[in-house]
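Worksheet: one structure, shown below.
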Amino acid sequence: MLFHVRMDVCIPHDFPAEQAAEIIAREKAYSQELQRNGKWRHIWRIAGEYANYSVFDVRDNAELHEVLSGLPLFKFMEIAVTPLLRHPSSIREDDT
Amino acid sequence: MLFHVRMDVCIPHDFPAEQAAEIIAREKAYSQELQRNGKWRHIWRIAGEYANYSVFDVRDNAELHEVLSGLPLFKFMEIAVTPLLRHPSSIREDDT
Amino acid sequence: MLFHVRMDVCIPHDFPAEQAAEIIAREKAYSQELQRNGKWRHIWRIAGEYANYSVFDVRDNAELHEVLSGLPLFKFMEIAVTPLLRHPSSIREDDT
Amino acid sequence: MLFHVRMDVCIPHDFPAEQAAEIIAREKAYSQELQRNGKWRHIWRIAGEYANYSVFDVRDNAELHEVLSGLPLFKFMEIAVTPLLRHPSSIREDDT
Amino acid sequence: MLFHVRMDVCIPHDFPAEQAAEIIAREKAYSQELQRNGKWRHIWRIAGEYANYSVFDVRDNAELHEVLSGLPLFKFMEIAVTPLLRHPSSIREDDT
Amino acid sequence: MLFHVRMDVCIPHDFPAEQAAEIIAREKAYSQELQRNGKWRHIWRIAGEYANYSVFDVRDNAELHEVLSGLPLFKFMEIAVTPLLRHPSSIREDDT
Amino acid sequence: MLFHVRMDVCIPHDFPAEQAAEIIAREKAYSQELQRNGKWRHIWRIAGEYANYSVFDVRDNAELHEVLSGLPLFKFMEIAVTPLLRHPSSIREDDT
Amino acid sequence: MLFHVRMDVCIPHDFPAEQAAEIIAREKAYSQELQRNGKWRHIWRIAGEYANYSVFDVRDNAELHEVLSGLPLFKFMEIAVTPLLRHPSSIREDDT
Amino acid sequence: MLFHVRMDVCIPHDFPAEQAAEIIAREKAYSQELQRNGKWRHIWRIAGEYANYSVFDVRDNAELHEVLSGLPLFKFMEIAVTPLLRHPSSIREDDT
Amino acid sequence: MLFHVRMDVCIPHDFPAEQAAEIIAREKAYSQELQRNGKWRHIWRIAGEYANYSVFDVRDNAELHEVLSGLPLFKFMEIAVTPLLRHPSSIREDDT
């Protein structure tokens, strides 16, 4: 089941740089693991912003929450979720 | 080059049903033609709304506008465009 | 799977009263059928507004959209969907 | 009497972790006690957010305020209250 | 039980003047009847706007909705309800 | 002359508790003095929020500002003022 | 007593041009009469918009409402009122 | 003197197509005349919208308003004006 | 040339009181100097808020920015500028 | 390819003045280098605000992001990007 997610990251300017770097590294590993197992279908950077649009493919709302609340950057993010479904005009096999 | 687009459709309730059906049919054909030639990469229905999130892959801003302003439903739509780029954490070949 | 839905109804003041009454009657029947089969878990009127908060229990996003877009009043509604899940503090068996 | 409540929790990132854990534990106990005595009818987690939608069943506005302002997390919450009533289409005995 | 209500009236400029006058007359009578029986505690005009702030004293949310949805101008109004209670600093006997 | 005022209080979570208690005590005394002399006509708590709706009866805008800017909690408040007047449908002697 | 007022005018595009011209002429006469008797202290056009910022000097809120609701264009306007007072830094005799 | 202007055009869907075409043609001629005489410095289409960002170079606010309110599409536009000045980091001769 | 300016002041509650007093004193002197030389035409306090509406009469946008960015409280202010011009209905000599 | 960018700068009032000055100096050098090589086409100060409107001419979305995220002030900025294209009414050779 697909969900559209916008994530805006805001790390306070006085947060220790080393800690931030460590969290960001964990975030990247976490994201790539989820991409590899197919749950994080797409991730795109939004031009000019520390933000991304993503598409998740998860079993249900509970799994989506588990994945999102587990993000190492979760407490520095504003997250907006939109449930998606196949568009009647879509011709792609895998946008379902 | 990728663009994230949200389209909200609002056809006035007193617009003639036949004309609406004819425009919607042309919209579907137009969308599928663009999907087939690769310019309209993704389209998903937003649950509960007459709206979609789409990703376009076009040469430049001018081509994006040509494609969007040519939509048969263009004058009944509110459209919001966000320029995208490859996310540094992405592992997909084709999200570029 | 649970979804929180807010529906705001706005029928134009010059819409024929008889047609409106007929649509509203169909809306009620449609809602009650969905309540009986368990898909429309809760519906509450919002005090002072022609609006409701509802909770749906459906198979997935696609079924939610099918149910909502089939509402007889759909084209007179503004709808906002929020995916829900069991709260870790919940003690009710059936809020899952 | 029923009230719809949305609670958004925002604990500052530099708030001591131990204190936060202690407040959150008290919050859970407080919530479950109110669920057991029937005043906190429903609580659902909102997917992807540190937030919930709840339904309270209290004697009056004063009791609602007493319950909400007594939340251990109250000063870290943004709260929005909406008075509810039985919907004319409802068929459930207990959504009143 | 007290509720704060803001009502904004918007009668379309092309609505027949006679019908409007008739509805407004009924609205006044309706309001004054409710003021006399104590349910509509206060009503003040907002300077420069076709709007009012009111305070209602009703048995519960259901009676509030019954009163508001019965307003002859209801379908030309935008209404916002806020539940009130006695303020701990209040010294007035009757602001409860 | 009547004014509708909404006050939202936001004391930072790390503000010393003793100082806060002292300011809140002065606030209460200040409010009750103004209620006794008739300038602060009404004050109601908004359910679920650290906020109130009030009605002031003052000589003019200058006196209103003097009263509001003198609030011990003034610098922790967001304040919104709306000028009121007698509503043509009002039947109460003292809502003027 | 001074009030700051913003007025945005929106005459529907299909409103008969002659009627509009007649109302606008009455509006101008009405405004100039109030300027001459000192109640309408200032009026400035906002660049690029069919809107103005004005300052009124009236006896009280009631007179302000009488003046504003009497505007020939009142039903085509959105009006926002802000009560003003002498600024402690002001050196002008007449900004009171 | 420079001004940044955003113009959003909204022609009602049921406005006669011929009249619209005639107004749009006059709009284009009007714009190009102002571009030629240097008052309309820049105009760019916003991708995906019937809107533009423009920069005007005019004598003063009054001339800006004269130019904008003279637009053939003025009554179908929403216009937002922002006064600009030379940026201290600018190296262009003509961005003043 | 006239500009309408709204200034909202927000000094953090933990900013040293002495420093704040010193800045506010300089602000007052700065404002009065500009009022005396005619560039700061009007300044009014907004009732109930630490904010003002002002009208400036300056040579151009650059001078307006110089004046505003030179305010001792500039970094504690949110500022909104609106370019003004003579209103066609104005009868005052000096509202130009 | 052209992009319209609005940048709002917000440096916390307690950020060390020397560090701020050093970052601002690097920001200026960075901006001027990009202006010289043609990627930062225009930059204008917004009157009364610590903000600018800019136009960038870059190869694609990725280069735009590289340029913007490399701004020395990036983490103190709120940035909004709008893709632009040649306007059909434009007569300037270089607004493409």
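Should a chain be cited, it is by its letter among A, B, C, D, E, F, G, H, I and J, assigned in written order, with residues numbered from 1 in that chain.
By definition in this document, a contact is a pair of C-beta atoms (placed from the backbone, for glycine too) under 8 Å apart; a residue touches a chain by one contact, two chains touch by 3 or more.
If you're wondering where the values come from, they're calculated on a predicted model, not measured in any experiment.
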Chain hops separating chain J from chain G, counting only touching neighbours: 2
Centroid comparison with chain D (C-alpha atoms), farthest chain: H
Which listed pair, D-E, C-E or D-F, duplicates the contacts of B-J in over half of its pairs: D-E
Turning angle required so that chain F lies on chain J, C-alpha fit (0 to 180°, nearest 5): 145
Whole-Å gap between the CA centroids of chain D and chain H: 50
Intercentroid distance (Cα basis), chain G paired with chain F, Å: 29
Whole-Å gap between the CA centroids of chain B and chain I: 46
Chain A, residues touching no fewer than two other chains: 2-3, 45, 47-48, 61-62, 64-65, 81-86
Chain pairs that touch, as defined at the top of this document: A-B, A-C, A-D, A-J, B-C, B-H, B-J, C-D, C-E, D-E, D-F, E-F, E-G, F-G, F-I, G-H, G-I, H-I, H-J, I-J
Residue numbers on chain J that touch chain I, as the complex places them: 13, 45, 47-50
Chain E-touching residues of chain G, taken from the complex the two chains share: 3, 5, 12, 15, 61-62, 64-65, 68-69, 75-76, 79-81
Touch list for chain I against partner chain H, complex: 1-3, 60-62, 64-65, 81-86
Chain J residues touching chain H - in the complex, by the definition given at the top: 2, 4, 27-28, 31-32, 35-36, 42-48, 52-53, 55, 82-92, 95
